[in-house]
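Each of the two complexes below includes chain A, the first together with chain B, the second together with chain C.
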Partner chain A sequence: MGFAVTPEFLLVFSVMAPFMGALVAPYLGSWLKARAGYPLILCFVPTLFLIPYAPAARSNVPLEAGFDWVSAIGLRVDFRADGFSLMFSLIVAAIGILILAYAAAYLGKTERHGRFYSYLLSFGGAMLGLVLADNLIALFAFWELTSISSFLLIGFWGSRKASQDGAEKALVITALGGLALLVAVILLSIAGGTQQISELDLATLRSSPLFIPALVLLLIAAFTKSAQLPFHLWLPTAMEAPTPVSAFLHSATMVKAGVILVAKFGFLLDWGVFSLVIMYVGLATMFWGSYLALRQNDLKALLAYSTVSQLGILMSLYGSGHAFAATAHLVNHAAFKAALFMVVGIIDHETGSRDISKLSGLRRKLPLTFIVALPAALSMAGLPIFGGFISKELFYEGMVHEGFLPILIAVTGSIMTFAYSLRFLKVFFGPFRCENPNVHEASYRLWLPAAPLSLAVIAFGILKINPLKGLTFKSDTLAVWFTGLAAPSFGYEAEHLYLWHGFNLALGLSVLTWVLGVLLHLGRDRFHRVQQALTPAWNNNTIYYKSLAGLEHFSSWFTHKTQGASFATHLRIIVATFGLIGATVLWRYWPAQLTGVPLAFWLVALLILADVVGVLSATNRLSAIIFAGLAGVASTLLFVLLSAPDLALTQLLIETVTIILFLSVFRFLPRLSTYLRPRSLTLLDGLISLGVAATLFTTLVAVQTPIADRIKDFYLDYSKSIGGGYNVVNVILVDFRGYDTMGEITVLSIVAISVFALLKIAVKRAKAESQDDQIS
Partner chain B sequence: MTRYPEIVFKTLAMPIVFVLLAIGFHFFLRGHNAPGGGFIAGLIVAVTALLARMSLDRRLLRLEPKTLVPIGLLIAMTTGAFPMLLGDAFLKSAHGHTRWPFVGDFEWASAALFDLGVFLVVIGTTLTIIDLLAEDNLEEAQ
Partner chain C sequence: MELLLPLLAALLVGAGVFMVLSRALIRVILGLSLISYGINIAILLAGAGTGLAAPPLLDVEGPYVDPLPQALILTAIVIGFGTTALLLVLSLRAYQATGTDHVQEMTEKPDPVEVLGSYADPERPSISPEFGPEEKLSDTKEPS
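For the complex of A and B:
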């Protein structure tokens, strides 16, 4: 009874496990409340079991697995744990585990825990899927899933106005990118002739005219998701999400999706003008993000703009082909930023405030939190022995090669980064000041999940960890393992990362950064005044809200103009269009010959015609209903003449039910005299009716002989042998065309539900009105 | 709406209801080989149920008619999905003969079960709508 866990199964399972957890989470949440986070950690564990496949990924024979999604149209979901994907999925899983543990302590008693964990785990699964996907369509699907789960998580406290705005903004902007990505993956799969990302061939793609549009759209997707200028505005407002969410999605993982896209498709984008565009957009974002981070008073907002800025660094590095430096920084940033967000969460949780101007000296009251925060913040600042220093050096080295302007922006941005990192740490130093005097250290359940990340920040600088063999102290770093893992994906050789590079230009620039950073920090008040003075009256946000309002205005104008007409006019337009089509066809292709019609049919037709005239000339409701019923019964005769007893029976019954229906609503029908209309309108309606008749006639002529003959024989021949019945009509209904019937009864059910709902509403309203009458 | 039922109507209604029900079920069962089937039978039974309500002021079923809709849909869906368990296509049909004691040769078809679903949905929908329209509360509310 052995169930062997194949590597392929493990790979698929590691993506599916969080989704399964998302299904269980609502039940666990209502049972265990916030603590449901602890058992749910198991959902990210399967990913960690992928570590043994790292050496294979390193030697470029990655684990691959997949399954059919919709085989009829050739859709598949493929996963491929190549070095970079594996590396990033390990980051997602590791931070996911810590965040779940953190959230279990962070969430209050009254939250909707099940929902929270369910959303968070769906996001985790989507993110793992996005990273590991080797299929363009699957990549898009997972991409959209991360947008949706992000929307749900930002709007988790949906009763707050700011949450609604933040969630909406994030969705509008990332969905825009999602649409761009959809078109991009379709273009790429057409141009490349395959949906497998690993099988895309640069030469084939370049020869296609679709290549450039695909790349442009790919970039739009990447820029929106990774909050690059000018799409950065959604990320700061996304901080309305609960802090565990901000730490997980909006700093460490999801916002890196755009960077991942650029990294994954780097071999396509490493191409003249594109790499320049990405690099400069990234640098501009980096500069602008750190400039805005400096002026924030809210700790979380400071981190949000810092994230925007750091994403800019990653974007510019991957864009300009410095994948090694980029990967090193990606790992570093994920660790220190998630840790810092958790620290902000703790501060908020314990002091009830995130305002930098109101907090200081927290070191005395929150000593353990301070110990966790210190390495992470210093790593963000780029000081030695921490991982951030190494990747900052690599960033400088890379930008030095790109020319004077890039290195100038890089250094300026880093000076501001250094300054805002100090500003962040300031809340821990100085005399104790806080509105809530009874501050005490947070529970270990809050700071412990952040601690491993701070350790990692240090370990990146000084430790070498081989997950398979344990810890060894060497001049190499943990970052080497991670960056080395990603090496085959980018084709670089994993260099050794040293804290000490010798005296070189990068080190000189680092020293310059620190000096100017400290000066900027000291002169921050003066700098603030300058920033205040420079603030323009408009920015991206005002443009966003203006265009949103404009869009709403336009759509209501458009709706009013196109659909403002009365119901009768709408109906007239639809029916007239229908009639016009048939009339035109009949006008141009009058049938060459028409088969003769037996006398009996003429008689029935005369009967129907008489009934119709009766309906039209009726002066009261009851006779109109009776004439309409008679017309229906007369058409039943037609079916009898055509020897179709089933149809005749059905028609007869329908007529009966219709009469009953009419009679039961009779009381509510307005008198016919209210339908009086001008002669011109009667004429118009008559013409429309003639057109409709023409259309019906055309349809009948069109489907008459050839098609009917071919199908008829099939049904007659096989009704008994396949369907097991002699009544061909019924066998068609329940067997040959069972799918249609299935659809019809589904529609019927929906109609029943809709009518039920509508009438209930009508009754309720009528009752309410009559009560109002009584009161007044 | 059943406050003053006509005497004749009321007296005749009971036998008529039974005859109509018998006809409805007969039409349902013979549907595969002769005119009839779930749709027609459903309409007949629905009309019968209305007749029973209007004349005798009683329901044929204790069930709310609207619960018949999901039941019927479920039966049809399950019948359709069952072949998938056996590896066949959705809605794949089967039929054959079985010898039952007392009944003799009985011809069955899986499609009949599907038809039962159609039958119930039609009854449910028709009755739900007409019941609501004819309902007293609508009248009261006016």
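For the complex of A and C:
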């Protein structure tokens, strides 16, 4: 039995492996507790085996694989490891591995480990699927899966009100975007005539009137997922998630999904007003995010707003067509931001606090953590020799091309970015201060997973501007390997971009940024007071909560108005409508034809009339039940007269059982209260009842034409030959319409179980009450 | 004949509706029974007419009445019993739970709008319960 691992299988398997891990994780979690993270690393390893296919992707012959999903409606799942997708899935897998190792040390003893790893791995699989998907519907499915796993992870400490709220907010906003994406992909597949993303053709799409709506919806999806203004509010509260989750989902990978969407569909968006919208939304987000990051006192909140800001940079770069700069920054940001989140996790793990105003001098107690944090934070600030510098330069260069306003916003935002990066590092400098005096360096199991990311941050920078290797790109450096990999996806040529720009505008702006950034950092107290004074009374969080509460009030009001009336009123409206129909056409069918009726029918009619009068006028429950039962018996007689012996038998049996049932609970039943209706209501109900009766009567008189004889003849003819029985009614029930009867038996069994259960409770309750009565 | 049986069906259904509209629980249940008697007769008439013929038993001489409505009604009778039985015990429980058999007084009131408690503070995310400051957790925490 030979089993060859084909490249196609490997591609599909690399997406499926985390999902498989998610199934195993609950068992591993209850066995190995937090350390289950170590074996689960294996789930991301298949993705790394895709590295050998990178050269093919670079030369634009990507690996493709797929399988039928729901073949009946033509749904497929297709994956395509083009340069950009492969690059990002390697980032997802690499950070995923580090996060699993980190979480294994970070999670406490009493957490629900299995659940945590299960959610985390489902996210990993969904993210890989989202990145690699080459099918619009599959893309949407994976997109929604990331939203759901993100929801579950944010609400991981679900016993907290804050976690519930943060999870709910993230779900409400990203699901809104998900709906937009669903419509967008459907419109795109209709307009483009294909569900394959790689086969979408711009010319065909542009000729379709659905093109513009599809793009608008696509943008809404991208902006909500990547926390762009005004949808950014969900990201800071997503920090309610455990810190490993924040490092993985809410900084390095999932929040980039919107950016990826813009990047993947960039060829559609790259024209006119859409580019401008994306660029300015991105820049506004970048500015506002860094402004808010600067006022944070919580390290994690600072990083959250910083992520919002950095996503703005990515969005504006991809939107304005600077895909190379964007991709370079994407890689850099994933590395330094994940590292910084892990550092924050170490700090709160060791000190029990994340408050910048209460922590300082941690460098002395957490030297290794400090060494890990320093390059990452400086890269975030955009200082040279670190990767962040390179991509910031590219960002400036791109924005310079776009005009004065974009570069102004970019520089202002970057000054604040520089200042908050210094503010972040402040906790390591100065005299040691911490509420918990027994702080000591974290276990290597915590800082070691963060270290490779910090090394990468340095490698991205140094390898690029190493003077010994020359100042142009060498295709063998790590950063170029990553960004060059994505080259065919965007059609840029990495080789033609020079790293050292000379003393040009971008470098000048960088120097300006550093100087003003340092000044801003020194004058931070004054700036804080200004920020506090400028805090508006409302922001989009208050709008969110107000509209949520408003929605609840509206639904409550609406339900009350439309469904609030009593049961009887609803019923009256329904039956009165029914009655009105008949009452209006009654006169057409009123020929007096009561002659020639056999005596037996008259007797039964009399009996039924008596019973009805008896039930209506009964004053105690026993006589009411008996009169109703007698009406049943009367209809049994009618069945006999109408040549329906089976019906008569059944009705008689059922009547008996019903009476038994009534009598068995008789003593628990309420007495037949009179509850006399007001006279006007009695009149109304009487009229309604008469109307209903009239409708039924009219209908019956009007439709007294037998059903087409051939149906009747079919059953009469074939009952014996096919069904093998003389009693045609029985043959129909158990043979011709056997499935109906099976359904009926099922219903009856369910009823029997329910009746038994309810009766048991009722009797027990009644007995308890009667005992109470005796005691008291 | 063409009119008597429709009249009977209409009488049963009309009386049933009148009782269902009443305010006492037992009347509602019995009213539903009356309606189902009436409707059964109605189906029989609508399908088979009132012409007298032999029952659809092939060992007696034809012509036979139409067997199909009979089969339908047989199902309806049995399901009707199921409905009545379930309704009876449900009413019994409702009577016990609410202490009244007055249908209107059992009317469900819409849930009050829940006043949202504490919100997630974007400027102060929670720390892991294991090493952050102590805080009260609600009782939804599952046993590990």
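We take it that the second predicted complex is superposed on the first by the 544 of 776 C-alpha atoms of A that agree within 3 Å, B and C clash if a C-alpha of one lies under 4 Å from a C-alpha of the other, contacts with A are read in each partner's own complex, and residues count from 1 in each chain.
As a working rule, a contact is a pair of C-beta atoms (placed from the backbone, for glycine too) under 8 Å apart; a residue touches a chain by one contact, two chains touch by 3 or more.
Keep in mind that what you see is a predicted model, and the values were worked out from it rather than measured.
Contacts of A:Lys767 after superposition: chain B is touched, whereas chain C is not reached. In the superposition on chain A, contact of A:Leu507 is made with neither chain B nor chain C. Of the two partner chains, chain B is the only one touched by A:Gly724; chain C is not.
Of the two partner chains placed by superposition, chain B and chain C are both touched by A:Val657. In the superposition on chain A, A:Ile753 contacts chain B only, with no contact to chain C.
Shared-chain residue A:Val216: touches no atom of chain B or chain C.
When both complexes are overlaid on chain A, the residue A:Ala451 reaches neither chain B nor chain C. With both complexes superposed, C is the one of chain B and chain C in contact with more chain A residues.
In the superposed model, A:Leu75 lies in contact with neither chain B nor chain C. Look at A:Leu733: by the touch rule set out above, it reaches both chain B and chain C.
Within chain A, the residues touched by chain B in the first complex and by chain C in the second are 645-646, 650, 654, 657, 661, 665, 726-727, 729, 733, 741, 748, 751, 755, 759, 762, 766.
Of all residues in chain B, only 27, 31-40, 43-44, 46-47, 50, 66, 69-70, 72-73, 76-77, 80, 90-91, 93, 95-96, 107, 109, 111-112, 114-115, 117-118, 121-122, 124-126, 128-130, 132-134, 137-142 touch chain A in the complex they form.
Listed in rising order, the residues of chain C touching chain A in the complex are 1-15, 17-27, 30, 33-34, 37-38, 40-42, 44-59, 62, 64-71, 73-75, 77-86, 88-90, 92-93, 95-96, 101-104, 106-107, 110-114, 116-133, 135, 137-142, 144.
Residues 645-646, 649-650, 653-654, 656-657, 660-661, 664-665, 667, 722-727, 729-731, 733-735, 738-739, 741-742, 745-746, 748-749, 751-753, 755-756, 759-760, 762-763, 766-767, 770 of chain A touch chain B in their complex.
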